[in-house]
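By letter and in written order, the chains are A, B, C, D, E and F; residue numbering begins at 1 in each of them.
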């Protein structure tokens, strides 16, 4: 039916919710996740460039923005299943790739087939761009899990997700990983430490006769 | 950790939404679906009993109420994936059964292990109870898809789901299938035929000086 | 209109939310609640059987799965109203039973009327099955209220619901009540005790150079 | 505990959804409904004033804004139940009034008790203000039901709600009822008549080389 | 098109959610907010009357119920934007007033134009009614922010909203402000202090052999 | 506070819903919209490249992914407001740019300031990349509005949005615009034409004794 069929299908990723089954205070669609991965990857690549690494921006663009497109066909198969056996993992990946392949063959006009086959390939290879995608994808797990834990979510799943994402990231050898571990992660943790709120004190301060709201002083 | 772990986990099936990705006017959780299957199966079994077939109610109870419990471990793997290759289908079923098996071994106290292994086995065998479960499960697909089509949902997925469920049902040889096809399905279709509403006429009727609401006359 | 009318109406119980008005982190439909009651009752009856009590599984099946069907007609009338006066309580029950009765008379075909009148009767009598239903129904209140309190819900309603359900359960004389009080409830409480999460420590552990994710060690 | 307890409780009416159980495209809370009734009543009273009728605005203010407050205590008891028998209806009203009475006695400071008893009384009496409240309340049923029917909702409940509200309104003898029937209702019906959209035509028009968006021409 | 167009548009304020973007445990529509402001204002005016101040109830009715109607045209423009520069603030207010003006001129019948222009004017002037509206509006910010903080929301926005609303209120010179600061606010704070729940203790108490639920004793 | 503050803030765009106030069958967050714009722009740029136009992929990456970031600060100011007067429009844009500027100055580390100022600038200039962003942004309005109209949404807003987006697109002089108008848009319209479903026929076909599901034949 043409490229319209592809564009129309993007809508489905707005309706697939990550981490189905587990209680969460905030739900995230695969579409919103994909967009945040695009954003993280942009900054991670900027950091690499500052260290003199050269980036293929077109490649980075296509692998980050499309990296979860296959979920339209296979849904959200939980990580433990994917990893239950090397054989199963490989088969599921084969099926996913086969379905993406068939989708392109059946729907995309001849002249665009190569572009789409390239764009929708598995992007997490060992190039700088592939590794940045892996870091950015895991960073979003860190952010999602952190936000749940910070709100008091007691599902062990989020402790696990947070921990495994950090472990994965720390083993990737990129300048931007150093930056994440040394600058971004500490800010995130400190954020948490300041988050408890003493309502009584805030009330008393606000009602003090001479209190003037000062946008420069810390709020909590 | 004991049976508490099992009871607590049921909550997850309230959060897994059927048919993820597709637009729908109404969402259905796996928990609500399971309950409706229990209800349909009860009546289907009643119909069999009326025809002199004897029912093992304990077996019917356990296989219908638990029939989708495995989705806690494998999530909602889309039907096309499950059927992409006989080999994949078999592997996925092996993994699902393995995960249920491990859950029981790790969490359920020794004295209850047999009960849970029995209860959480695949129930769709060729016994009357297994076939009733298959019919009831497909009937809920018919009801879900019908309600979407009736509201004007244009996702082809629901035409497909409706059609495939009917085809599956019609090939099962049970008294209750005859009853469904000859009495329940025609009522459903007629329901649809009566559903368009002429607001102007209703308004004029209601405002007529001598109009008296009469609960016996047809409403639309 | 036939049994279709009954099956179609089940859908309404997916849309009636328990405990309306109160703030809650998780909403539960009457349909999902009914399904969990079916599941609890299954295990409670298994426990009775292990102690040599004989169970009428067909009866248990029908009274548990249909026990809140009347809410389709009367909505969710809050407990304090139901109990405001013995006279009112009795009248409301009469109305509910009258409406169920009329629904069956008007919609269910002659040959099935007895089955439906039997299935939709009030099930909480003093038989083993009736008492199991009462325990299972109250157990779901315990689970629902506990999950809210654990997440920090400060609505007093849930303290009350939790307390009253426990009191009701402890006064019922069944083997499965002993099991619940001695094995399931303690696991639930201990669950709660372990639920606070130290994000900073988890982060430091995960980043330690020699840390290896070990699925056997406790997660929190 | 004081007036705070009353103010805090208003929040519950944001969470009670009207017409529970029935499928609807849009949900309306009792709080939002109450606000719209306040708005309709304002204009209805303006119309009466234009015809020389004098309005007690303080009374109108208190009876319209608080008219469904009792639902906090009794929840949403469905209309058929309320009217199942005159005896039941009277009893339920007694219970509701008793619970409101007790709430005031237990929570509202002595000096404000009279004000709250007055404000939370049943407002639908035969005064102009009481009748305006009745019209405004029914008008919101007309608007809610109309919006569902217009979107293609096939639940007969909304045909019934629409019809019964119109019948109730037409029998009330006020100038503003004439205005509603002769000016507002016809606009509503005409709205509906114009609502079908021809996407192909709109597309072709928009793409015509000389098409200029003109905010004055009709859009559909 | 007439007054129908105005009544129909009220529906939009049920769909505009306050404080967009920020994480919140509970969402509030502008419609529900408007209704609560109507309720607070009623009691605040009652307090003024008790102190001998005379209230124009018709004016209070119209300015409180319609005070956020303009958001239909301008959406929810965030406070920092509105106040970014005095020039911008004034321009935005001009635009909002212009759009309300045009709406009335284009849609409201000649005979009602004055009434609507009056009703939809900016109501927060320096009259008693205008000041009561300002207090009631800020009180709802206090209630909304408090409820988030109490549930553990760590968004600094709600600390800010809570603090700024209190500061605004304390500078308004009305009898009802004294009452709010001396009676209502302390009850709210004390509410918070009692809100932590000890699940283990409640469980043990409930299971004690001689425990009887006593509705008079404090629940937490 | 560093780049963490920027990454954390992306979350807010998952909670800002486009087109607030209007009834819609499907809600779209600004985050999901941004991701779809990234996807459309990728293909549009591919089409330009096929025609020999050279693309600055890094620039396209940053302007498309960040193009609505400013909505975090100014919320969703409705289009009619933005365009009410050239003076207001310019002022609002100044405020938005000022707030983004301040955010960067206050939060982003010195060494990254230039990168962020560049990334978060207004991207819709007259370069190929800027024009592609404009087309992609309007294409998403076409898709959003079309999906509402197709489901029977009668809000005139969506007719307007659809029409204005098409008009805007047709006046942009790019190869990809030709492709969109000649290939993608016609597929979209044809999609609509086929969308009505005849449930009775589908049922009869499915129940025909010799019916075999054939994935190649058209479904509706």
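Structure notes:
FYI, a residue touches a chain if its C-beta (ideal position, glycine included) is under 8 Å from a C-beta of that chain, and two chains touch if they have at least 3 such contacts.
Every value quoted in this text rests on a predicted model; they were computed, and no experiment measured them.
Counting the residue numbers used at the interface between subunit A and subunit B, over half appear in both copies, so the two copies meet with largely the same residues. Look at where the CA atoms of subunit B average out and do the same for subunit C: the two points lie 20 Å apart.
With centres defined as mean CA coordinates, subunit F is found 37 Å away from subunit D.
One finds 45 Å separating the Cα centroids of subunit B and subunit E.
Residue positions 11, 23, 25-26, 150, 152 of subunit E each touch two or more of the other chains.
An unclassified topology is adopted by the chain contact network, corresponding to no line, ring, star or complete arrangement. Remark: the chains found to touch one another pair up as A-B, A-C, A-E, A-F, B-C, B-D, B-F, C-D, C-E, D-E, D-F, E-F. Note for the complex: subunit A touches subunit C at residues 23, 25, 146, 149-150, 152-154, 156, 159-160, 162-164, 166-167, 170, 181, 185, 189, 192-193. Every residue of subunit E that touches subunit C in the complex is listed here, in rising order: 25-26, 150-152, 195-197, 199-200, 202-203, 205-207, 211, 213, 219-220. Contact residues on subunit F toward subunit E in their complex (touch as defined above): 11-13, 15-17, 20-23, 72-78, 80-81, 84-85, 87-88, 91-92, 95-96, 98-99.
By the touch criterion given at the top, residues 1-8, 10-11, 14, 26, 28-29, 31-32, 34-36, 38-40, 42-43, 46, 50, 55, 57-58, 60-62, 65-66, 109, 111-112, 115, 119, 139, 143, 147, 183-184, 187-188, 191 of subunit B touch subunit C in their complex.
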